Amino acid sequence: MAEAHPVGFRWVMKAKERGARVIHIDPRYSRTSQLADTYVAIRAGTDVAFLGGIIRHVLETESYFRDYVIQYTNASTIINEQFRDTEELDGLFSGFNPDTGLYDRSSWMYEGGEVASAAGVREHSTESFNERTGAGMMMGNVERDETLQHPRCVFQILRRHFSRYTPEMVERICGVSREDFMAVADALITNSGRERTGMFCYANGWTQHVEAVQMIRTAAILQLLLGNVGRPGGGIMALRGHASIQGSTDVPTLYDLLPGYLSMPRAREGHLTLEDYIDTGGADRGWWSFFDTYIISPLKAWFGDAATKQSDYGFAHIPKLTGNHSHYATMLRALDGGVDGFFVMGQNPAVGSAHSGLQRRALAKMKWLVVRDMAEIETATFWRNSPEVQSGELRPEEIQTEVFLMPAASHIEKEGTFTNTQRLVQFRDKALDPPGDARSELWFMHHLAKRVKAHYAGSDRDRDWPIVNLKWGYPEHGEMREPDVEAVLKEINGYEVASGRPLSSFTELRSDGTTACGCWIYSGIYEAGVNQARRRRPGDIAAEGGTVSPEWAWAWPANRRILYNRASADPQGKPWSERKRYVWWDEEQGRWTGYDVPDFPADKRPDYRPEPDARAMDAIGGADPFMMMADGRAWLYTPSGLLDGPLPTFYEPVESPVKNLLYPKVGTDPATIRWKRPENPLHATGDPRYPVVATTFRLTEHHTAGGMSRSVPWLVELQPEMFAEIDPQLAADRGIENGGWMTIVTERAEIEARAKVTDRLRPLRVEGCVVHQLGLPWHWGYSGLSRGDTTNDLGVLTADPNVSIQETKSFTCDVRAGRRHRASTARLAGAALRGHDVEPSEDDPLAENPKEASE
Amino acid sequence: MTPSGSRPRSFESLRRVPVIGRVMDWGMGPSAASERTRRAEARIAGMKVTESVCPFCAVGCGQLVYTRAGELVDIEGNPRSPINQGTLCPKGASSRQLVQQPGRLTKVKYRRPGGSDWEELELERAMDMIAERMIAAREDGWQDTDRHGWRVDRTLGLAHLGGATLDNEENYLIKKLFTAMGAIQIENQARI
Amino acid sequence: MTDEHRWEGRLEHSGEPAELTPEDEPPTTSQGRETDWVADHDTKSRDIRPALGKPGEPAAWTAAKPGAAVPLARPSFGDAQWSFLYKARDTAYAAAEPSPGQVVSANRRMRRAQVTDVHGPFIHAPVWSWEVPLYFWFGGMASGSAFVALACDVAGDCRSAAIARRVALGALSPAPVLLIGDLGRPDRFLNMMRVFKPRSPMNMGAWCLVAFSGSSAAAVGADLLGRPRAAQALGALTSLFGSYLGSYTGVLLACTAFPVWARSRTILGPAFVATATASGAAATRLALVASGLPDGHPTRSALGGLETASMLSELVLSAVGERQLGDAAEALRRGRPGTLFRTAKSLVVLGLSLRVVARRRMGPREHDLASIMYLAAGLAFRFAWVSAGKASATDAAAVAAMGRGRRALHDVRERPRPQRAPSMDRSQLPLPGAARRAYGEAIRRASLAIERRLRHR
Amino acid sequence: MSTGSAHTEIAIHRSGAQRMGFFTDTTVCIGCKACEVACKQWNDLPADGSVPGKGASYDYTGDLSASTWRHVRFVELLEPSPQLREEAQRALESGGGNKFPAIPASGAIDLVDAAQAGDGAADVAEAVSKMGDWVFMSDVCKHCTNAGCLDACPTGALIRTEHQTVVLQPDVCNGCGYCVPACPFGVVDRDPQDGRAGKCTLCYDRLEDGLEPACAKSCPTDSIQFGPHEELVEIASRRVARLHERGIEGAYLYGAGDEPDEQLAGGLGAFFLLTEPPELYGLPAQADSPVQENVVPATLAAVGAGLLASAGAVIAFVAAGRLSRRRPVRESW
């Protein structure tokens, strides 16, 4: 955190001086470790085992926050009889189909009810889509046992599930000594409960794994058991890496989402109507019961007058998914010649995406490529100086890709909003005009849209309907004819169609086409026609509760700074402790109040209990803080929404030097997406040729793939060269000298780096062998002021089944002394060419066989 | 406040000698200050300021951007921001150079198929060419139905990958236009 | 792109690793790696636009609107959060009252604590290039000649005195050029006279140089105008200035943080005066010989004696100084300064031997040769002392030892530190490396040959 | 102990001005180098290249220079000691044919086992206990009370301002280079391209407008604190006491809080809180203005020698004259 989010660490340091205990768990001793009270070295990719061990410890020692767990989580809920845990099936849950590599999740349901996850249907594959998971959202009424004694209640299942995760096991799997493990567990337990809270912060060390979602789920379970969710000083903090990466998922440029976390429609038999979509995606209990208003309003915003009840609001024209169209799947299609054109805006896949050699080869197969950036980044120059060109595998004169490199405006040369890691939407004013022909992406999209609309104007083809009717009336201003950003923001916020009045909140949204709203969760950002994201009143942060600064910018939803903050009060609505008061029930006023905007219906009494057949928000009780969930409870156990299990289970990383000690029969995550192709070779578990675990990391002085830092001399001089951190023992073994060259080898590539031989990386003893870990920063590429080999050349394409993120935080490799002897990706030259011979499939290749079965 | 300080004995005893001692301080007083130093002030005094947000990581630090006559002069932390209280990390502190970086692009560069070097393009022409290609790719990769005969109404001919330093409004227009075009392969950094 | 590297359609692991060309071969030594590293990276990435003004002329300190406030900043350090950890009083950052003497004793304890390691660099090496020692040499020669002029006057040899005064002026004339040439901003050399600052040896030296050149030029002028009394008076004044001009350079070096200079503070001045006197006398002697002063003239004899005595005192001072320095004297023995010192000393010894030999068997030519040797020795001494400073500054252990008030820090393990890449811009001698090596070799051989000859006799 | 002496050195007088300084607390420094960049940004200093890293360090800046006025030092106490490496190597060699040797004993960190299994266990244990000590310190001009550079500067380019900071006036400096060796802390340097010397001005221009210096402003964890010197010394002393209370016995102040005769250069305007002996940070244990230390004895010796030399010359000539009058000789000596 000190390494990649130094200013965020400011507050950690303050907390530390106020007595907080800071624990840092990382394969690599970093700047953060130096400032932490405790540092624990862990083997990359074993976090579920580590956290699972703590969960077991918490359960076994009865150290959980009992009141919180019983009232606010689904610990007491009883699961149906068909469910079989990994304990019974040796590492698999019930419902696994070895042929497809998918789970049939019907057996994971609650007893007496069927629920869908808060985020709606999120699965990636056609098969899973066709299961009846969503309709009715929650059928019947769940059964609970508040004594937590029922053998099939979540609590007991949890206890059984994690019973294997003993401290000894943690030591053997993670390489963390018993003492260190117990120190962390005790610190967490003693700093949780009524009076104290503990917090988890994570970044890509958790997300870039094939088990990413389950790692974070494990932390969530632990935090729920300890009562650390929805309370100040608690929670799980995602430290996201980019200025508006949160915003880019809220207002998503993601294939499977529509704005506001609505899922993209999936193709299904017959004709998919809006009603079908609302049936599968919506809910009849909890906040998602307003689902219809959230989907109709954006359709209204997009298609304007043409979006009517008669036209089904144009829903039929929204493109539909049939499988995985994530970035990596798309690039593989491109490699097979299936993608004509590619827009890359402020992104550098030639360096930043996993298996970047494959990415670059895919770029060479496209007809055209538009890159928008401030400098000549690697993605734009792959045809000139990429390793593939250096090796002679690709020749510029044979690469038929047309490349447009468009100069982009910088952050001060355009106005707009960024959503930071805490969901705070902040508006940036414009200071300058961009130089020369540099333009904002807003300008680019606007003027592109105008051209496209002009081309299709008057077309009566069905497929052109959405373009012809696309509402695109943003006013332009200035010599550059820049579109008005506040007009776009107003559309995102939503307005009353008849009057154009900006909406004050998503509660004003209607499903009858009288309101339009681009992204329901951002509704209220333009309340009363005022740009709320531009508010800059910090308030007195020294005052009690002042750190909330509710008038500094605007946080979605509805300016709430802590989600589910109803949980900061006990079931009766009183703060769990005076020290930790945040939001509470004010009996006199008859409403919820506090330092923050209550994340709960403001006037719902804490003692309200729903009728058994209550629907929508009426079904949420006054003591059920998690109102986005159909049952109002936080889910320790996830009956729906995840593809790889209702509970986190430790699987070894896809590439691992050691066998899975907990579930030897399963090994790696069976639901992982593995693209088995010749140019994507995977190292088998325990492959003796690749005994070293590599993990990637970022440096304070550089930013991601270097597009924004390797062209800045002030930053380049601070970290001018690609290096690898290696422990002294491994270095001695391979004759690698501190400061000398070393080469890192995988089946995909070999890269060279300067060796930093340091105890910041320490060999770990895991069961039966010594595991050496290697730390690799991944900022370098072949362009810019500072050049170096690209770490991502080494990586393999595999993905988490839930979110399709790659595993770059843990893969195996080998190291040797000296420089590489040929271009970094030359070893795959043949395979890549073979890949080219594969006939491009008509449809998405994954739809045929979504995942290869695990070995 | 008077500074206290020991001085090396011999030097100090020399300075204590009446009259001659004072000689040791000659050349140090007001005569040494130049006129420019006397008038010294921060260069941003009286300059136009704009409030912005750092473009690097997701902490969202506030920045103050000082400009004069269309030229960027200084970017520093915004002391009023409750997030960073005026502080910045090295990346944030370097953002002025990010804007003024030596290799900053200001012209559209174009590389024709099989070309071995960049050519320059007029912006409007480039936009026209891109729109043409985009429309062609849409038509080329269009699917009304998938292999089961289910309606998909989409094109697989074009894809998009966005960085996460794009504004929400920009992302919104990207998703809106591309979805209307029927493109589904719209992705960004969040998946990487 | 060469044909060997071109893809030829073989599958899997295409082609064997290409043979490394010699320039691709990684360097084997750490020194080599550094050079390699410097070559790898663009260290000249200094092309940035200043915020205002033109490159090299930072526009700092000039307000956009003089007198205006800075917008969005609270005045009088209102935004300075000089301890948000402390000032807010909501942390325990500084929540303890120090007991009396607690800080003093903690400071004392840690500053006296045993160290097993030092992490340099502590100080910067001087940026002076070859002009400076050359200036020292010329300046010294000028002041030595001024002494001689005074002595001649007192001894009554007015003709020689006049010549000595011309030598002084002549030797001084390159001095300003060299001094200005060494400045980073030569156009601003007049700023040296901007203030009169008695505590700055360089400032005093500059003023002294002005005074010396003024009086020396005036004295020569008086000679030319045939005003011997005025010339003598001015000569005496010049000699008075010379006593500072010849010695301040030693003070200049002593007033630095480099162990080898600072610890020789009472040696450097006298040693420099000795060198100055010797080289002044030698130069004057050669000039007098050239001007036809007959062999056997007492002035020639006196000059020879003066040269030899000064050089001997220089040798003695050096020896005493070296003993005083302790471990810091390593800087005088190793590397470049070591070579230079040895060269200087051999030249002195050679000169001395010549004088001894010439006294017995040879003629005036050998005496002239000895003078040249002394002159050369003087030059070598100047270069040696200056380069010793550089060596000393990079000797982290010696600097650390000086900070502890010790002659040696025996328990200190020194870490070798690489040189800063960009400062390689200036070489110390304006000679190519080959020439420098050839020069060293020539000196070595010549001295060997002479030694051999002398022994054979 | 002298008082008021610095006043006669002050080149700019403004009423109400007080001594301002930096207090750099290394115990909260995260080594992010924001100060380095913020300084370059504000003062328009160019990137001047890097030094090849100190082995395993992240320090590519190397030292302060004319265009680097803040430098974050990375003190690698955890860099493997030679013994540790030897031991690891020995353990490896005795490990048999496996790719990775079987190393006896339990525990997660094999390096420790490897080391402790061999000889010299004490050294190794110490080295291992040092693991986890990676200290960062943002170095800067100390703005000494007795400033060597200020004393040495022949042009008056270096002045003491009303904030009692030592500032170099770039419009005056002629690049003589004398301030470079006169600084006992290795702060000032002359820029090889620009020709002038450069060093921290404690953002003199910002101070004139009531802004804090760029580095202190940017520091994310307030490791660099700026304020009235007196106040900073008080905070710093309390911080030392607090750290002692927390068991960090090594905490001390470098450049403040000393007895008068133990002060560093008369007391530093920019002082530090350190936890290791100063030499590990490249700081001398004791230092003062070299000019003030040496100028009196050196000048006395030098001028004395100069006068002696001219007198000696006179004597030599007079003696030679007398000799020659007695008997004409061939030239000797």
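All chains are identified by letter, namely A, B, C and D, in their written order; residue positions are counted from 1 within each chain.
Just so we're on the same page, a contact is a pair of C-beta atoms (placed from the backbone, for glycine too) under 8 Å apart; a residue touches a chain by one contact, two chains touch by 3 or more.
Predicted, not measured: the structure shown is a model, and the values here were computed from it.
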Closest chain to global C-alpha mean, per-chain Cα centroids: B
Contact-richer chain pair (by C-beta pairs counted) among C-D and B-C: C-D
Reference chain A; chain at largest CA-centroid distance: C
Inter-centroid spacing, chain D versus chain C (mean Cα positions, whole Å): 22
Intercentroid distance (Cα basis), chain C paired with chain B, Å: 45
Inter-chain centre distance, chain B versus chain D - centres from mean C-alpha coordinates, in Å: 33
For chain A paired with chain C, centre-to-centre distance based on mean C-alpha positions, whole Å: 62
Sites on chain D at which at least two other chains make contact: 28, 32-34, 36-37, 41-42, 46-50, 52, 156-157, 172, 204-205, 209, 211, 217, 220, 222, 262, 292-295, 297
Multi-partner residues of chain C (at least 2 other chains): 33, 37, 41, 45-48, 51, 59-61, 63, 69-70, 73-74, 79, 81, 84-85, 92-93, 194-195, 197, 199-200, 203
Touching two or more other chains - residue numbers and ranges from chain B: 25, 27-28, 31-32, 36-37, 40-43, 45, 48, 51, 71-72, 74-75, 79-80, 84-92, 94, 96-97, 102
Partner chain B, residues of chain C touching it in the complex: 45, 47-49, 51-52, 59-74, 79, 81, 84, 194-200, 203
Chain A to chain C touching residues, read off their complex: 13-14, 17-19, 389-395, 542, 713, 716-717, 720-721, 739-741, 785-786, 818-819, 821-823, 826-827, 829-831, 833-834
Touch list for chain D against partner chain A, complex: 28, 30-34, 36-37, 40-41, 46-50, 52-53, 55-58, 60-61, 76, 78-80, 84-85, 88-89, 91-92, 99-101, 103, 106-111, 113-114, 131-136, 220-222
Residues of chain B defined as touching chain A within the complex: 48, 50-63, 65, 67, 70-72, 75, 80-85, 87-92, 94-95, 97-99, 101-118, 121, 123, 126-131, 133-137, 140-142, 144, 146-148, 150-177, 179-192
In the complex with chain B, residue positions of chain D that touch it: 1-13, 18-19, 32-34, 36-38, 41-42, 145-146, 150, 156-160, 164, 167, 169, 171-172, 204-206, 208-209, 211, 214, 217-220, 222, 228-230, 260-263, 265-267, 288-289, 292-297
